[in-house]
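Got some structures for you, see below.
Both complexes below contain subunit A, partnered by subunit B and then by subunit C.
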Partner chain A sequence: MNVELQLDPRRTVPAWLAYGTPVLTVLAALAVGGVALVALNVDPVDAYGVMFVETLTSQFGLTEVLVRAVPLILAGLAVYLPLKAGLFNIGAEGQLLLGALAGTWVAVNVSLPAVALLPLMFLAACVAGAFWAGIPAWLRAKWDVNEIITSLLLTFVAQELQSYLLRGPMQGGTGNFPQSARFSDAATLPPLAGLVPGGESIPLFADVHAGLLVAVAAVVATYVVMTKTRLGFEVTFVGSNDEAARQAGMSRHTVYLFVFLLGGAFAALGGIAEIAGSQGRFRAAFAPGYGFTAIPIALLGRNSAVKVTLAGLFFAVLFVGGSSVEVAFGVPAALVEIIQALVILFLITSEFFKRYRVGIAFDRRGNDAPADATGGDARW
Partner chain B sequence: TGGDTGDTDDTEASETTASEGTTSGTTTGDVETTDGGGPSEGETVNAAWVYISEIGDLGWSWAHDQARQAVDEQYDWLETEYTEAVAPSDSERVFEQYAQGDVDVIFGTTFGYQDPMYAVAEDYPDTVFEHATGYRTRENMGRYMGRIYEPRYLAGQATGMVTENNTIGYVAAFPIPEVVRSINAMALGARSVNPEATFKVRWVNAWFDPPTAREAANALIDEGCDVIAQEQDSPAAVRAASDAGVWTSGYNAPMGQFGGENYLISPIWDWTEFYGPTLESLHEGSWEADAFWGGMETGVPMLDEWGPNVSQEVKDQVAATEEQILNDELDVWAGSAFEGESDEFLFQEMSSFVEGVEGEVPS
Partner chain C sequence: MTREPFLRMENIVKAFPGVVANDHIDLTVERGEIHGLLGENGAGKSTLMKILYGLYSQDDGEISLSGTRLRLDSPQDAIDAGIGMVHQHFMLIPRLTVAENVVLGEREPATPFRPDADAGGWLPDAVRSNSLVQSLAGRFSLGLDVPERRIQELADRYGFDIDVSAKVWELGVGQQQRVEILKALYRDVDLLILDEPTAVLTPTEADLLFDSLERLTDEGVSIIFITHKLEEVEAVVDRVTVLRDGENVGTVSTSDVSRADLAEMMVGREVLFTVDRERVAPGEPVLRARNVSATDDRGIEALSNVDLTVRRGEVVGIAGVSGNGQKELAEVIAGLRTVSAGELTVDGRDLTNASPRTFIDNGVSFVPEDRNRYGSAGDLSVMHNAAMKDFREDRFGSGVTLDYGELRAHAEALVEAFDVRGVHDVTDATAGDLSGGNLQKLILAREISRDPDLLVANQPTRGVDVGAIESIREAILDQRTEGTGVVLLSEDLDEIIDLSDRILVVYEGEVVYETTPEDADRERIGLEMTGGGDATATAGAQVRGLGGSS
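What follows is the complex of A and B.
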């Protein structure tokens, strides 16, 4: 008997599939993770209650999710934009670090009032991040050097640069610890409460820093550029078929540089926003891989900047909720990571089934044919 | 530099009431062991530990968790919990979550938790915080560490006596005072018995990174080191030395099982001797924020068991010196560039090597 697997790309994804898949796959992943919880004598329903319900219904949980989402969304956009042009930016982590370094340098070396200092810090971060992302983009556009490798390797360079700067020229505070000096008040992102009209009355805004506004602005800008402008159209066009785009007179060079420069700037904003908003000083290893988590975020959200935002928020819930489960139930850290990884794995797998119709055909003639037609195959 | 130093040692006796307040207000009812023995005046104490690496690291976090289990076993009135593998950048949330719950005291066991813990301690004045290895305190936040440089000095003597090339390799974590202090103490110990001994240092730039630690150890062995010492939260460097057939000394936890035939001895921690009295004082309502930096006489920093092939001569030498340290007859820093320095300097400002250590502390 022959079994034939046939994969047909779907022209359209039915609505029930589009919305049902993520929900069902997350539930399926949690069910698998539940086995491990049961093995550790933890009631999975209780654990998932803490992970999701408590995280999303308590002020503490929501605040933490929004704070965590800022670098995740911004780094997610940094991967999302090149993805639209058919490129993989695996180096968002490095761009984030470069942005954090440049922003920190300004924060601790320039004294200006907050209204001038914060924009200057963010500008410096953008320039540094864009520069770091621009290298793989230029190499790809000009010499066709694989951007996956260059952007990834530049992340390691960025990490070493961080190591060097935090132990050398940028080291601050008492006693040779690998960290920068503490940020002054002027260099610290204020909570949202004071910035948004009526913000004081919104409880969440007391503890969520203004970096959230930066993330929202970046999402809106990305959305507008990608859907309303000629450049955005060219990005999508080059991403779909760069040969056709070339024939239509579009410059691959411009598009590649554009997506990487803007993406790198966004990742950099994520880095400096995290430090100026939540950490208060640049500590070595402040970023637990936001730039790498950005890759599944962008893959899940690749249809639009809004979906990147949703994916970023979802990952923030996973991290914050996962950490709550650890604290509440004393389960090993590895278990929470396994559950998070299962969710990611299931979601990405389900994306495949969403995009392809899988047909399985059982070819019964195989059984009826003489045995040597299939078994004694002489062509080998 | 930042405003850090001003915060040191500004603690006075005003804390007792705050800790009493928490102990009584929150924890009745939901605990099964309150009816047991032990001091009966106080209520149940709920204590939480936060670790930077997994307790299976067989090193630093493992040692703290052994002590947690020991005190949990020891006191009927104590309930403990822990969270492992918490990055410093994430720790503020974990501290806050514990503080919002019914936890009376939170122990944070890595340097990187200092600022986040301090920030949370400000917001939760009724919760007691204890931070290992840092220098900031406030009325509801104490700090603790042990003078591990004493057993380091002793282990250093052993390395100095067994080395034939007079070259000892040291796989180090970060170039911070805590680590530099240990390297210096070990080198002073080695040179007290072998003036020719020199130390080569490799920085891993991580507390817990077994592959890099292993690589660093191998690189040092290739450069001619015939003894490998380490300050890492894992036994990877010890294992590498054992594989290469050179002498080795570990850190944090007994590492004899990884060092094999060439194992010397390791400076290790018994934190029970700190956690026990601290939790008792909380239970009795007499806790005060202070800076604990106990030496070998407290039982916190100590040595583990000798490896199988160490000569009696080495053992006798180290035993004699240990006796001197316990009797307060020997100052590890005597005769070095750091003789007579204050505890504050030794603890948070030591940032250069003593004679006999190659190279410079990166800065």
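What follows is the complex of A and C.
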């Protein structure tokens, strides 16, 4: 029997497909991830029940999700902003580490009250992260050096820098462990409960640190910049057609530097918030991968900063729920990585479905060569 | 006539969200006929042909070929039925040879595997005739000798001068088009659809194409020729069907109608081919370029020592054969290309090598030659594109903020004032959704609404339908009346002569001749465009538009 696939180029993307893509992508990734679970002799329904239902209904699970979401959302924005200008920031991980290093240095070397110390730590982190992201941006704007490669390679440099500093100059605390000294109380992010009006009455806020406010502020700032300012208009335009943008008198240099500097600063905030809010000290072994997970987050949420937030929350659930599943069923932690990878794969696949309408025909003729000369109009 | 025509399309209906692209269209084509399909951009020509070629399926209506009803679900169905199409954008793989491109998807196995015994011969028949071997050989081996011979025969038969073993990237545009036609002929088509085939060709190449088409029809091939150029209809087409707004306006023999009749059918009203230019006394010089030199993208000198002065209320036409520095000149005076020597002033201010932004702020508007690549961002909304240069103005918000409500109102006003069609919501429709003519109107609207001091328009009416051409030309002349200095670059000599107050001819990066439309001698201009006085008079005939109304 012959099976023939028919591809018709779409003229317009139907609304359900455009808006449903992120959801369908996630569902498809979970469905295929279920195959891996079955292979491990685990009932996928049980496992996903633990992963999502228990995580989202327990106080502990929700707290963990919000804490995890802080660096994920911030790093997601660090990829999202350059994406809007048509650039790929693959190095959010490095910018996050640099931010954490600079913030940690301030935290353990400066003694000030918390009101002054925390802002100073965050400022130092922003400067370091922006600097780290500014290098690929400048190279791209000035010399057209591919930012994917430079930002990725700088991540490795950042990792080595982390390893060196935490074993050498920044090593601290008791014993000879490769880690920084423990943060003082002044340098530790307080829980939300005391900061938000009425926060004490919400049990969830007792253990969620103030980094969440930073993340929310970054999301709001990104949203406002992209939808309410002239700079956001320029970013959108450069991202769509940089030649036309040049003819309209927009500066590619400015836009490239802006998105990378702001993105790098956001990633750095994610790094220092994680250390100062959750870890309490900077370990040389700290390699969270948030900056890499940020890539699927930004791709899933590429339509707006709000969607980046949702995608960040989803991955936080996936991480937290994933470790519960790991404990409850003894499945490898790699499962979460598999689902993460599947999300990216299905996102790429969905681009194809957005472009073509696919039909399947059985038993037509013995010809296995569909449209050749023609293939439809490449413009769609 | 009761005889069934070769191709019959009956009552074809095709609707897209928001528009009916084909509204009960009938079309018949006889064997061996060149049938024109004429209409403005967006009239439904391409949709109708995509239905015939199986790329779209019709909502209603029937297609029959030689009396047999066809169901076309894919281009493969169309090719099997003997219908081929040559797209405006070629579907060729540059790295492959002509023969490889032609056999793509229809390839034959390598010689030793061919089922006919005498071909290669060293494989035992038992192996060769094994169906598994056949199927593997068909997939994984490629025999080019037999197809090459056949393609060469086809090329010779139809008078195509082409080397079948040449790589496609080595060929010129006209030759690539012939490869596309060969691809169709190799599949034994009886009906060939050509989508605006001359849009990419030089006039000489177009003449060659027309000769080939006649040879094809002599052999019994029918041709549907999509175009919006009236002179082509007169030159090659036997009968023409005119579409307007998705409806069939009528089918006529070209010998029975005049160009003006066709234009009226196409646009739905009388089209003025002559433009009335009011007398405007030119004012102060707005642009002064002195001794300007510049290089092209490859770093080769494209402009040398050009002097150009444009006054307010004056249209200066720049004529020349494509590739003689017009693109670079336009970019230099729009501030998009740096000059290697010389100076440039706009309204007395020295803007030599200033940023594009400075030129914009000093009242220079620019209509680029390539509206998709430089003039608009296809993925973004009409609103974004309408405000591409003006979004910095105070009326669109204060400080760093941008008022999207105002942007929307601005875009809607432009769409309304310039009759840009196909936009129901300026924030929803993208620039890429617009047809060529409508996009060009949007770009012109954007540039003119800025009240420029200097308007630089490079090929503003290229690839645009008759109705849009008329309104674009009017808009340019209105600018002149309002005291804008206009630089018009065009390969259409009629357009230059109709619109300009002064005409400059560029050849190899230099201004070689200057005249006025009153004194203009087409022969002379043609000569200057192609290399000056020492060329022979026939050289002038190669220039587009020269065969016109002189």
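Everything below uses one rule, namely that the second predicted complex is superposed on the first by the 313 of 380 C-alpha atoms of A that agree within 3 Å, B and C clash if a C-alpha of one lies under 4 Å from a C-alpha of the other, contacts with A are read in each partner's own complex, and residues count from 1 in each chain.
As a working rule, a contact is a pair of C-beta atoms (placed from the backbone, for glycine too) under 8 Å apart; a residue touches a chain by one contact, two chains touch by 3 or more.
None of these values were measured; they are calculated from a predicted model.
Peer 1: Applying the touch criterion given at the start, work out whether A:Thr349 contacts subunit B, subunit C, both or neither, answering first, second, both or neither.
Peer 2: It touches nothing on subunit B or subunit C.
Peer 1: With the two complexes superposed on chain A, say which partner A:Arg167 touches: subunit B (first), subunit C (second), both, or neither.
Peer 2: Touch status of A:Arg167: first partner only.
Peer 1: Regarding the shared-chain residue A:Asn241, is it in contact with subunit B (first), subunit C (second), both, or neither?
Peer 2: Only subunit C is touched by A:Asn241; subunit B is not.
Peer 1: So, does A:Asn303 touch the first partner subunit B, the second partner subunit C, both, or neither?
Peer 2: A:Asn303 contacts neither subunit B nor subunit C.
Peer 1: Between subunit B (first) and subunit C (second), which does A:Gly232 come into contact with in this model arrangement: first, second, both, or neither?
Peer 2: In the superposition, A:Gly232 touches subunit C alone.
Peer 1: If you look only at subunit B, which of its residues touch subunit A in the complex?
Peer 2: Going by the criterion above, the answer is residues 1-5, 48, 54, 81-90, 93-94, 96-98, 100-101, 111-112, 115, 119, 135, 174-177, 180, 205, 348-349, 351, 361-363.
Peer 1: Report the residues of subunit C in contact with subunit A in the complex, numbered from low to high.
Peer 2: The touching residues are 16-17, 53, 55-56, 73-76, 79, 84-85, 87, 89, 91, 104-106, 180, 183-184, 187, 334, 336, 355-361, 366, 368, 373-380, 384, 387-389, 391-392, 396-397, 400-402, 404, 432.
Peer 1: If we count contacts the way the header does, which residues on subunit A are in touch with subunit B in the complex?
Peer 2: Where subunit A meets subunit B, its residues are 60, 64, 163, 167-168, 171-178, 181-182, 279-281, 283-288, 320, 323-324, 326-328, 330, 332-334.
Peer 1: For a test of understanding, state which residues of subunit A touch subunit C in their complex under the given definition.
Peer 2: The contact residues of subunit A facing subunit C are 6, 8-9, 11-12, 227-233, 236-237, 240-241, 243-251, 361, 367, 369-379.
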